[in-house]
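Have a look at the structure below, then the notes.
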């Protein structure tokens, strides 16, 4: 473990630059801080404010750009341009949306529990922001590198379940609660595959800290652990309630959703929290599976991180655009009967390979990659056979099934064929009319 | 210990993005299973049949455009055939070929709309819908070339059509037929192998052929259950007996079968158009005004003609009293008749399948309410 | 439940991602620097030098270029082209209209002595607020006096302005659409760029020359 790496967080950099020689910064050579001696509390406060300002504004800015980018990408997938009116290339469209949302009337239903009703948007936005505290955006750009980083992420993303239930319950709306039940069932079903998929990654890296995981990726883990990335990706999309799992926000589903009673900016915060979750999920996938900020030297690490993040976001948006929705029972079946088994297979195979080759070298990673890909393909195929229903793969009709004969004229060989015989009609065709020259007067 | 549950009634009101028009559905469901369904329609009733008693036969063509507003050419064709039978008019051949081409193109457009919206209801967030609509836009541009308007065509007149196709129509049509087949291939590639579509649509809302025949259901819904009934083969009108095309049948009468039948029928319509282009001959598109005047007065009597519309058997029953307007006009709207099976389709199913099943009937509220 | 069907769908969507969008950005389209320079007909460098303000706007994404829709010459637009000289106030259009929105009032009067007595058209109102632009009136007109137009942007703020009276019809630009007017198609007339101002050119039949008219009405009488 490299102490300078651990100690290199952004927070510590700002604090030590301000505070100087005080405790904790002696390991580094900050001989003279910017502030005089006894004002560590001021350094602390300023550092905290700087971090909060930087991260929160950065993330919100990222969300604004993501909303615009997602709508433009939607358009391009659908052969149309996305929004391109407001601002250069339409980049201010989300600002216009935010202003519109703010001007709406904030309605609180009569039967609502006011405290919880107002608290629910906060409960959903706070965990979405908290996840960014452990993600390294580049060399040295992180707030804290907890040595239980992955566990922290899993724990914090689970808090959204509570927020959804609070939002529905406090609306006092019976149908909203029904919708929230389905959403909560979805969320908690997919927590387990999501967490278990990361066990393989943790075993390979030897630690739960995100910095260590990035250090351990001499080849990105997407090549080494295909099952894990497959399961994690699907589970993460379900956690974000994205297509194909967006049954709770479908307009053609239940007439009300759990968000039905939320009006202007509270709804806006739910909306923002969903996009923040999208960015945080993409960031997690980038860090854990694509190697984070690792890349080749001349290009700065932040740019590598950004490029990988954009790639993962593109894939998420692509999946959203292409796939239709699944029903709730199919969703739950997929989680419990499909993804869960795949994660168990992944853990077992990874553990066996680590037991055989205990030293963390790059060669071990290549061997694991070579073994894991065939295992992944075979197990996905096997699980899909287990889940699927026979006859579901065939797009063509069953030509052996009997065709219903109609009691009137029987055309011989009544099946899908070319009709060569002229049909015998019981209705006279128009040309057989007797008087086709009609003397009509007037015009 | 048995859990005591209570059924919930939800009103899917007249304004709803997935009800294909203004249609109200009161659904009572218990957990996820639908227990009772009560459809309420009539929000789009405009009194077309009563208005038809005030208008002359040519003016009623503009009324028929607006009944099933995604397939106006087919409405016009059904109405015109009824008028021609009532008045004993012999249509001119080129007019008949042109209206067959227009009708088959319209069938493709209508099936594209039906498929696109079915997939939209499945939740694909608009991508297949836009692909289908992109192709329909090209077909509507062809109609604009023919008659000046994209949707409210009023292209047909007693005895034929009112104007011949311009020269640029035929080249555009050839190009467009290739594009339609490409788009249908793309839609099928996208969706006919898609496991999510399979699992959502296969095995849901299965209807037996006996039930369908007893309920007078026609169209793709009937052919998806294996009943071999297509009016273009059984009672050929216009020149459909000079054209060869397959009858598309599917035997599993579920949502997937109905979607599949419509996509294949669209392909067959393209083949029909190609045969019409080969067989069309130059000539007048409309009988001269000395034979069929502008204001026709059919003799006293009645006539019923049904064609194979895009949604089923579309029939017009016209009673004439010898004057310039009909005494009574009644439309056998396939969407309304097909709607009567809604309860059989939905009750016992899951709530998630409601809009998918509803979309597979392919309703058009303009036709249901007239 | 997982097979090869889903990846094929992804490939279709990805292929469509790389196609050009089919959007027609009517009425105006945002252009960048190169588009603005092409619109002005200049080299981009010359555009940058000669029109710095416009080029900054173009780079910022604020410059727009007007876009016209592609319509066919037979398009039934929201306006009418009316040649009063051809109209005889026979009111066939009014009789043919399914909605009855054309109002025609004519009085007898001696207008053109050479061609005999004719009617003076006093009121010719078309209510385009209720018109459905079916074109039956155009089909009915025996003298090719009334034609469909091609425009479609006729919104007003006041509903009464939607009743076109004779003065407005006469003052409007004469761009008749080829709807039910085969003579315009034979001449390959494009209503989007040309006009037909002379009412003699709007008809189906050739107007006889002055000598023939003189021969018929004056000499042989």
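Per-chain numbering from 1; labels A, B and C assigned in written order.
The definition used in the following text is that contacts are C-beta pairs under 8 Å (C-beta built on N, C-alpha and C of every residue); 3 or more make two chains touch, one makes a residue touch a chain.
Predicted, not measured: the structure shown is a model, and the values here were computed from it.
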| item | value |
| --- | --- |
| Far-end chain from chain C, centres as C-alpha averages | A |
| Geometric centre: closest chain by C-alpha means | B |
| Dominant interface by contact count, named by its two chains | A-B |
| Centroid distance [mean C-alpha coordinates] between chain C and chain A, Å | 50 |
| Length of the line joining the C-alpha centres of chain A and chain B, rounded to whole Å | 40 |
| Approximate Å spacing (C-alpha centroids) for the pair chain B, chain C | 31 |
| Junction residues of chain C - those touching two or more other chains | 1-3, 5-6, 9, 12-13, 16, 22 |
| Numbers and ranges of chain A residues touching at least 2 other chains | 77-80, 321-323, 330, 388, 392-393 |
| Chain B: positions in contact with at least two other chains | 127, 131, 134, 190, 192-196, 198-199, 294 |
| In the complex, chain A residues that touch chain C | 75-81, 84-85, 87-89, 318-319, 321-323, 330, 334, 338, 380-381, 383-384, 387-388, 392-393 |
| Complex interface listing, chain B residues touching chain A | 8, 10-13, 16-18, 32, 81, 84-85, 87-91, 119-127, 130-131, 134, 188, 190, 192-200, 202-203, 209, 225-229, 233-237, 241, 244-252, 257, 260, 289, 291-297, 305, 350-353, 355 |
| Residues on chain C engaged by chain A in the complex (per definition of touch) | 1-3, 5-6, 9-10, 12-14, 16-17, 19, 21-23, 25, 30, 60-62 |
| Sites on chain C touched by chain B in the complex | 1-6, 8-9, 12-13, 16, 22, 70-76, 96, 98, 132-136, 139-140, 148, 177, 179-180, 182, 185 |
| Chain A residues within the chain B interface of the complex | 74, 77-80, 174-175, 178, 243-244, 246-247, 250-255, 320-330, 388-389, 391-393, 395, 397-398, 401-406, 408-409, 411, 414-420, 422-423, 425-431, 433-438, 440, 442-443 |
